[in-house]
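In order of appearance the chains are A, B, C, D and E, and numbering begins at 1 in each one.
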Amino acid sequence: MGIIENKFRDNVIITSADKFMNWARLSSLWPITFGIACCAIEMMATAASRYDQDRLGIIPRPSPRQADLMIVAGTVTFKMASRIKRLYEQMPEPKYVIAMGCCATSGGPYWQHGYHVMKGVDQVIPVDVYVPGCPPRPESLLEGFIKLQDKIRRESIATTQAA
Amino acid sequence: MESSEVFKLIESKYPDALKSIDLEGIEQSVTIDVNSIADVCNYLKTESELQFTSLMCLSGVDYEDKMEVVYHLHSLLHDHRVTLKVELSRDNPKLPSVSGVWKAANWHEREAYDMYGIVFDDHPDLRRILLPDDWEGFPLRKDYVVAEKYRGWTIRKIKEGFE
Amino acid sequence: MDYFIQIVTDLLPGLNGLPQWLVIPSIMFLFGALIFTGIAIYSLIILWFERKIAAHMQDRLGPMEVGGWHGWLQTVADAVKLLLKEDIIPAVADRKLFKLAPYIVFLAAFAVFAALPFSDKIIGSELNIGIFYILSVSSVGVVGILMAGWGSNNKWALFGSMRSVAQFVSYEIPIGLSILVVVMSVGSLSMRDIVMAQDGGIFNWMIWQNAPFNFIAFLILFIAGTAETNRVPFDIPEAESELVAGFHVEYSGMRFSIFFLAEYANMLAVGIIASTLFLGGWQGITGASSAPGIGLIWMLLKGFLIVLVMIWFRWTLPRLRVDQLMYVCWKVLVPISFFNMVGAGIWIGLSS
Amino acid sequence: MPDLKTEEMVVQMGPQHPATHGVLRLEITTDGEIVRKINPHIGYLHRCFEKHCEELNYHQIIPFVDRCDYLAAMNNEHGYVMAVEKLLDIEIPERVEYIRVIMSELNRIASHLVALGTYGLDIGAITPFLFTFRDREKILDLFEMTSGARLLYNYIWIGGVAFDLPNGFVEKCFEFIDYFLPKLKEYDDLLSYNKIFIKRTAEVAIIPPAVAIEWGITGPNLRASGVDWDLRRDEPYSIYDKFEWDVIVADGRVGVLGDSWSRYYVRVLEMEQSASIVKQALEGLPSDENVKSAVPKKVRPKEGSVFFRSENPRGELGYYIISDGSDIPYRLKMRSPAFCNLSAISDVGEGLLISDLVSLLGSIDIVLGEIDR
Amino acid sequence: MRAYFIDIFSGVGSVLVGMRVTFSHLFTRSVTEQYPREKIEMFDRSRNRLHVDIEDCIGCYLCDKACPVDCIHIDTIKARPGEDLGLTEKYEKKKTFVFPKFDIDMAECCYCGLCVFPCPTECIYWISDYEFAEYDRSNLNYHFGNVTPEDARVRYEEAEKLKIQKDKEIAAKKAAAGTEIPSQPKDDSTESAE
């Protein structure tokens, strides 16, 4: 991730810089408004008043340039896969992906006879957290956010993230 | 007015167009000859006391020996319904398009083409509506074999380690 | 400004030895830096405040988890994260325009603060054509937005910037006309004199002077000010639901945060201009007070209040269409503000 | 100065766009802001539903029918199940009919609430979206209490329902209706009669009745164009004829018949009617009947085909089922209402401004799961 | 001209009405349930995650057949002839199978609940745990088998030996019976009867 790649063990400067930068990244995850299917409705319900993802600092942003989290909410079909790939590439670098729902995780209910369904979005883009459920409850999605935040907490600028 | 009377009216107007009438069963339907379907539909729509102004549903069906297109028509004015069927050969199903009569048929016919390969002549723009344009094969046919890969992504999920 | 220079020279006696041509510009630079940090801190606070007000208006809680009580560190985290983001310049973009645009938009918003009287002594530069300078500088922002829209070579950005040019140019006129009403009754363009004219308690504020005309002028200034800052119901240049993100669709990270900063600086600028012209600037409710700090607090309070109303607008009203935006400006605001000015002129003529 | 070369620009209102309610791509040729030609691309959510119906038996299709129109899963199930029952022609206990009507009407309210909320978002007002979703959460609680799921229920089965109503459901339902009716007034204040909203939607994208029938538009969009046609009253299925309620047809209160505002306002009033149906059904609910008595062990309808239509919040949802005697349907074609409603956009949308196209798209309330099946 | 003014006044009026509504909501209580802090308790029927009491399972494959998505994978071995596996707690049914593999792949399950209804011993049911997001997809596949892999291998070999032995007997009986072939005893091999 830069010139100081794997050159330092954990010393006080790197770790405190890590802690601060990771804290900033994880407390303001901006997802793109990008719902595909039924999970998008539960994603909207998470943004609505009862579960309110804004409490964790999550505001949906329309343009991929300003987003750093992509929630793949719904069934990924082959026609859509190239679009998702392009969207993912348009996002600026520290970007994360949550595969929301069984369809994005592994093709879900359509894995057997779905000739047009992509069996899991990780064939197209690297996924950080898989949130199971069909559709997952808003609480499960919030728990997915928290799991992602834990993962970001463990990142470090001095070592490349574990794949 | 009952569909049997409608069939009699069609028979009187287009004697040679009527192939067979099936009155028992839940749904009475009449099979129309292939190349006169457009005129019969036009007649059904414009005839004053029939007024079948709304095409409810146009669906393709694939039997072992023949291909079939089923039209469900309904008249808002007189509130009666009728079912027309057209039989086509399996290897090169072609029939005149009715999108000139009802504009609703436009997308339904494109879907029938996409799923069954039924070609509707003089349809405004007959191309695939649901599947990507470079998809080979017509999925809903009974003898359709799912391709192995599509643009590098495996379609059929081989459940490794589960069987 | 000379009061500010005097304070600084008292505090740092060592400066007298240095030549004048070095000391004065550095103090002015210090004043500029103070204003810049003031705006940055203010916009962090107001952003957090906007998200909390929006949340409570919608029966939800808003930022809670970040940084302890009610998520007060939320906007700091947003700002830091935006700084850490990768800085993408699209390959097809026109690099120079793309890079320069946010700074020009911020420059326009920032330059306005030079002439705003924060209190009777703390004022950037006592121009005797203060309000005229403010009007002309604030219209430089349009160029920045046009550069952003054209530079990012994106169809949505192009739409957004075209719309914002139309909006900016046409809403300058109602603002100008409603400011003229105040200048007529005060007789001078300098901001200090305008505030001085409103001395003595709440009832000498400009808003109550010459009966209905000043009040209407205040409303028109406020509405046109919301349009200047691209806020709902006039936020068509960055219409989320139509143009994905308007002119800043291709901006990420640092440049996007500068656009954000410019928008909130513009909002504060409109707030302070409106309160200086109509609500008695740094005058308190009972008239000007002697202590220097009180004036500043009054001024910021009034600016803050007007910004709150703009936030309140945002979370209630839908968005106007482009041609309706033009209709509102040319068919409603301009005629009304014109007749309002004529009426005020006659009123001043008769009453003087 | 040579006259400027003006040419039309093709803009992709792509699969990821805040206004396209899901994954729909509109290829628009625009001349400045005015839309000259629209070429909609769908199929980004084609999940091979009809192929699944030729592989699974009748009971197992119900979860897939839910996933087609994921905003009105109960109405989908209700339509599909009645089509199969017509094929089997079995008798259903009275209590089951009442439960099904209650569930379908509650789901209609929930689906209209989402439609109103997202339409407010398209026009720029953010707060109504939060209000409608807050009220919708109460309906989702009712659904989760009875069926166990929030969005996709698999609750209405062939011949009955999966569970009987839990105790406390009827009181909670009454409580919800009393809570919900004054909220409609709030939406009116906040959005329906807001001048800017009226300016943005009245007399915008007008669909005359003839064009609506021609393109096969049905449901609230058709009634907003002034055609008085509602399947629940004109082709009464289930027990809708037992309740008195009136079909809402736009009366051009604001703007013209068939414009975006009347499409929006027909849905607001329809929610009121659905609430009154639910209230009447709750009062007339027969008690102590086993709801799963008529559920057949093995569903093997005899040879034959049936086409059955029911009133879905988006329009006329039809199922054409051909059975060949086995427990797997030979062919199941779903006539989805949003498919036909959307097909009219290329005809109606020409000549609009881009903001009006967004307003039109929001007012016809499409759900991509059902369009692409 | 009149319509022009009515237009403006009704516009300003409706804007103020809308602002009154949002202002009044500033003071109403928020309906938010703060998830990580206060967790709402689930309804008893809510379908969050499948769980199997393998002790009660009698290996009837009914749930596997009912599942529309085939996400339940069961592999059973018949108990050794003499072995007594005891009774299931709930329904006192005689347990006859051992499960080297009883996997439910929650990443494919469509949470429809069709598998819970046909189970005779009600050993597959929903538990109210909805917090099982994972970093790695493969541990969404829950294993409920109750036999360790080695034990499973041992039992497979025994079953294999048993089968060969039985085939030899049949062949011997057939050879002994000469021309007429006795009806093949229905060998209900219960190997992985998919």
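Please note the rule applied: contacts are C-beta pairs under 8 Å (C-beta built on N, C-alpha and C of every residue); 3 or more make two chains touch, one makes a residue touch a chain.
Model, not experiment: these values are computed from the prediction.
Graph distance from subunit B to subunit C, where chains that touch are one step apart, equals 2. Any chain that touches subunit B and also touches subunit E is listed here: A, D.
Taking the mean Cα position of each chain as its centre, C sits at the greatest distance from subunit D. By number of C-beta pairs in contact, B-D leads over the other of B-D and A-B. In this assembly, C is the chain whose CA centroid lies farthest from the centroid of subunit E. In terms of their C-alpha centroids, the spacing between subunit A and subunit C amounts to 36 Å. Rounded to whole angstrom, the centroid-to-centroid distance between subunit D and subunit E, based on C-alpha atoms, equals 31 Å. In terms of their C-alpha centroids, the spacing between subunit A and subunit E amounts to 27 Å.
With centres defined as mean CA coordinates, subunit D is found 45 Å away from subunit C. Counting partner chains per residue, subunit B has residues 130-132, 139 touching two or more of them.
In subunit C, the residues that reach two or more other chains under the touch definition are 55, 57-61, 64-65, 240-241, 244, 315-317. Multi-chain contact residues of subunit E (touching two or more other chains): 15, 18, 21-22, 25, 30-32, 34, 36, 68, 105, 110-111. Those residues of subunit D that touch subunit E in the shared complex are 56, 59-64, 67, 127, 134, 137, 141, 144-149, 152, 154, 162-163, 166, 186, 189-191, 193-196, 198. Every residue of subunit A that touches subunit E in the complex is listed here, in rising order: 49-52, 55, 102, 105-109, 111-112, 120, 122, 127-134, 136-140, 142-144, 146-147, 151. On subunit E, the positions that touch subunit A within their shared complex are 30-36, 39-40, 48, 68-70, 105-111, 130-137, 140. Residues of subunit D that touch subunit B in their complex: 42-43, 46, 48, 50-51, 54, 86-87, 213-216, 227, 229, 234-235, 304-307, 309, 316, 318, 320, 322, 331, 333, 335, 339-340, 343-344, 347, 372-373.
In the complex of the two chains, the subunit A residues touching subunit C come out as 20-21, 23-25, 27-28, 48-50, 52, 54-57, 59, 61-63, 65-66, 68, 90, 92-94.
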